[in-house]
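Each chain carries a letter (A, B, C and D) given by its place in the written order, and its residues are counted from 1.
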Amino acid sequence: MINDNKKKFKSLKKHVFEANLKIYKSNLAISTFGNVSGIERENNIFAIKPSGIDYKKLKPENMVLVSLDGEILENNLKPSSDTKTHIELYKAFPEIRGIVHTHSRYATVIAQSLFDLKCIGTTHADYFYGDIPCTKKISNKAISGKYEEEIGLLIAETFKERKIDYHYMKACLVASHGPFTWGLDLDEAVFTAIILEEIAKQYYLTKALNSEVKSIQKNLIKKHYFRKHGIDAYYGQN
Amino acid sequence: MINDNKKKFKSLKKHVFEANLKIYKSNLAISTFGNVSGIERENNIFAIKPSGIDYKKLKPENMVLVSLDGEILENNLKPSSDTKTHIELYKAFPEIRGIVHTHSRYATVIAQSLFDLKCIGTTHADYFYGDIPCTKKISNKAISGKYEEEIGLLIAETFKERKIDYHYMKACLVASHGPFTWGLDLDEAVFTAIILEEIAKQYYLTKALNSEVKSIQKNLIKKHYFRKHGIDAYYGQN
Amino acid sequence: MINDNKKKFKSLKKHVFEANLKIYKSNLAISTFGNVSGIERENNIFAIKPSGIDYKKLKPENMVLVSLDGEILENNLKPSSDTKTHIELYKAFPEIRGIVHTHSRYATVIAQSLFDLKCIGTTHADYFYGDIPCTKKISNKAISGKYEEEIGLLIAETFKERKIDYHYMKACLVASHGPFTWGLDLDEAVFTAIILEEIAKQYYLTKALNSEVKSIQKNLIKKHYFRKHGIDAYYGQN
Amino acid sequence: MINDNKKKFKSLKKHVFEANLKIYKSNLAISTFGNVSGIERENNIFAIKPSGIDYKKLKPENMVLVSLDGEILENNLKPSSDTKTHIELYKAFPEIRGIVHTHSRYATVIAQSLFDLKCIGTTHADYFYGDIPCTKKISNKAISGKYEEEIGLLIAETFKERKIDYHYMKACLVASHGPFTWGLDLDEAVFTAIILEEIAKQYYLTKALNSEVKSIQKNLIKKHYFRKHGIDAYYGQN
């Protein structure tokens, strides 16, 4: 199958490589932390960053192709140790085509504080339709079991329980750990990771100054989010 | 009219383009956030950034010419979604010639905290004659109505109610949203946006360390402001 | 006199120019804030930055020569509006040869908080022998009077009243305003301004985390300060 | 002995020089603060930064060779004033081959707060197996005595008393002073210093936002640490 689609997957790997690099250049990843994947939905095959390779040495051909069953379809390099989290998210959120995981500073700090990232301003509402959820703490059972899969399941469960639609909320904080973002395409997943960090920093600073700060009015969130998203959007040139 | 003044408006658009770029390069705008306009007061026609265009791709000829009635005088690109806020400010403050809107980090954080930016030091007093006001929260009625116009009206109302003179206070924080600055010319509006962010950061840090901090003495504000402004100014070379 | 010493003063102006630029490049001054002067003690003539000139446009020949009586010895440009503060400091501290005034962020924030910058770590003690004093608030009488002179007098008074020796403590925070530093030579004044800002940031962050933090033991301050200063110093290559 | 091993020590000095420079370029050292050493365990001779030399002027040949008895084996430059701290650490932790001391901002701030750097997230657990200890305050007796040796002994004592294994915890905060890190090789010591500063910043910010934050579960620490370290590690390509 891979052979039949050589060109397509070469292009996917290049795109995923560039997305990984963008995360690094945007200062969202230190050392080798963080990983980005992009999926070809026709065959449900995704490309992901290899594990523990220095960003400066990364090449497009290093991206690892993996199926949704976890099968590695090329055997040169091991994929990211978080690969199974990506798989669970691709399964749970069937319309997403890209996933980004970072330990970006402020999003991680809020995740470590075990707080939701509340929608306290219009900058937030422009891109996230409501509070960005932080999961519950991962259970000891999940840690001892299939840990990376469990993280994916924990995110999916959080969205289900709290009735959040992944189309309008493209980010989740994993408690004590860090953020995951996604998008209907790969570029959106990367863009969301970048905006998330700025939003997280603004939330952090506001909350530290005024611990009583509350989420803004629901219709102000709605106004700003749908100025930029959906069929009635009037922001931008389209 | 435009044809008669081709040269003049070409120059205005170039100036507004450069001002937008300066905001971006000064790290006051992330992504496509933020917009700058400049007005030709003879005809009350202003040039403004187009909506949602990446700063890196912006060109002088992309600036959109708009009349104070909201008429778009060239039809290649849509103007900033905040255009109507600019119109209301140009109407309310008839002597200003440039407006800057950003989501710069610390000014936004103070706006999200719903605090006035109090004048607690001489750096502030050098450029802003007193506390920088934060508006009330925007009403649900205004959100459902002509939202962008209402933001402009809210700023104008804040200045009227609190008897603040826009000649001496060239900035306002919109609650839960972010800052607007202006100037008697465009460069002053841009300069004010840059200084505001530093002042906001210094206020933020001081308030976080010493929550009891108070505005400085009125005559110290007066001393510093009029060292740099007005007919008795003795700062600078003029 | 100037003519007799043309070469000497040309060299002084170049040195003062470079010192001003170093302050700017070290991010201690935004806009046109901040000023550096250096003095020739033989004739008690000093060179100082002109008022309100953009750092990017500054040239060595723009530095203004001034006597300790406040006489401007060349008449092309107006000296810094803070010139009279420098004069008072050169009079009060007769062995210093350079003065730096900035609105550097964290030192200013502590000055705005009206706090002394306590010696809470060895990094501080390496360069400042004890707590860095913050003056009292400047009086209304001083503001209405010879304001800039009064700031110099306020610093000198603070050192006298609190029995601080300007040879071992080369910095002072002016309440609600910002820092002044000095040195036995000009380079030391500049170096002290740079270190002060880092120390101020470390103090700020520590105090914000642990509001109970206390000054370190006196003999630890002594140990660190005199490792680097005085005849028993054993740091460095001399 | 040196002559017999000229090549080996030339290579060690080059390596130590590069490590010192990396610390400086990673913004972990301001001015001349900070020092890195690397040891040749066969002869127990180490190379260390000379005292008080500007990083920009440092050259490989400036690194000073010192024996574990404190003997300087080349007599051009004085070694770092902290050399005796390095000696004590090399003695106490016989398998380490590199030591880094900095005054990096956030690690120093936590040391000045006299707090342990608690393990509150998985980013921390990826590299440090548990809370990073802060020593007790150094005693007046130690300050008056062989101060630099005493700092080394204080670190060793802290690890012994609290039963911490230096193989799994490669960092220590010295109270009121700053961090030391080490590694089984020199590059690991440098890497640990860089990661430590980011971890310290994330801890700082979290603690400032949520003062109640607690260390994460022991098995979550274990899971993350041993994903990356030890014989069962599955992170990376080996």
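Keep this in mind: a contact is a pair of C-beta atoms (placed from the backbone, for glycine too) under 8 Å apart; a residue touches a chain by one contact, two chains touch by 3 or more.
Nothing here was measured: the structure is a model prediction, and the numbers come from that model.
Under the contact definition, chain A and chain B share no contacting chain.
Among the remaining chains, not one touches chain C and also chain D. Superposition angle, chain A onto chain D, using Cα atoms only: 90 degrees, a multiple of 5 between 0 and 180. Residues touching across the chain B and chain C pair largely diverge in numbering: under half of the numbers involved belong to both copies. Spacing of chain B relative to chain C, judged by their CA centroids, is 34 angstrom. For the pair chain B and chain D, the distance between C-alpha centroids works out to 48 Å.
Contact with two or more other chains is made by residues 208 of chain B. The residues of chain A lying in touch with chain B in their complex are 120-123, 126, 191, 194-195, 198, 201-202, 205-206, 208-210, 213, 216-217, 219-220, 223, 227, 234-237.
Within the complex, the chain A residues that touch chain D are 30-31, 33, 50-53, 77-78, 81, 103, 105-106, 108-115, 137-138, 140, 143-144, 147, 176-178, 204, 207-208.
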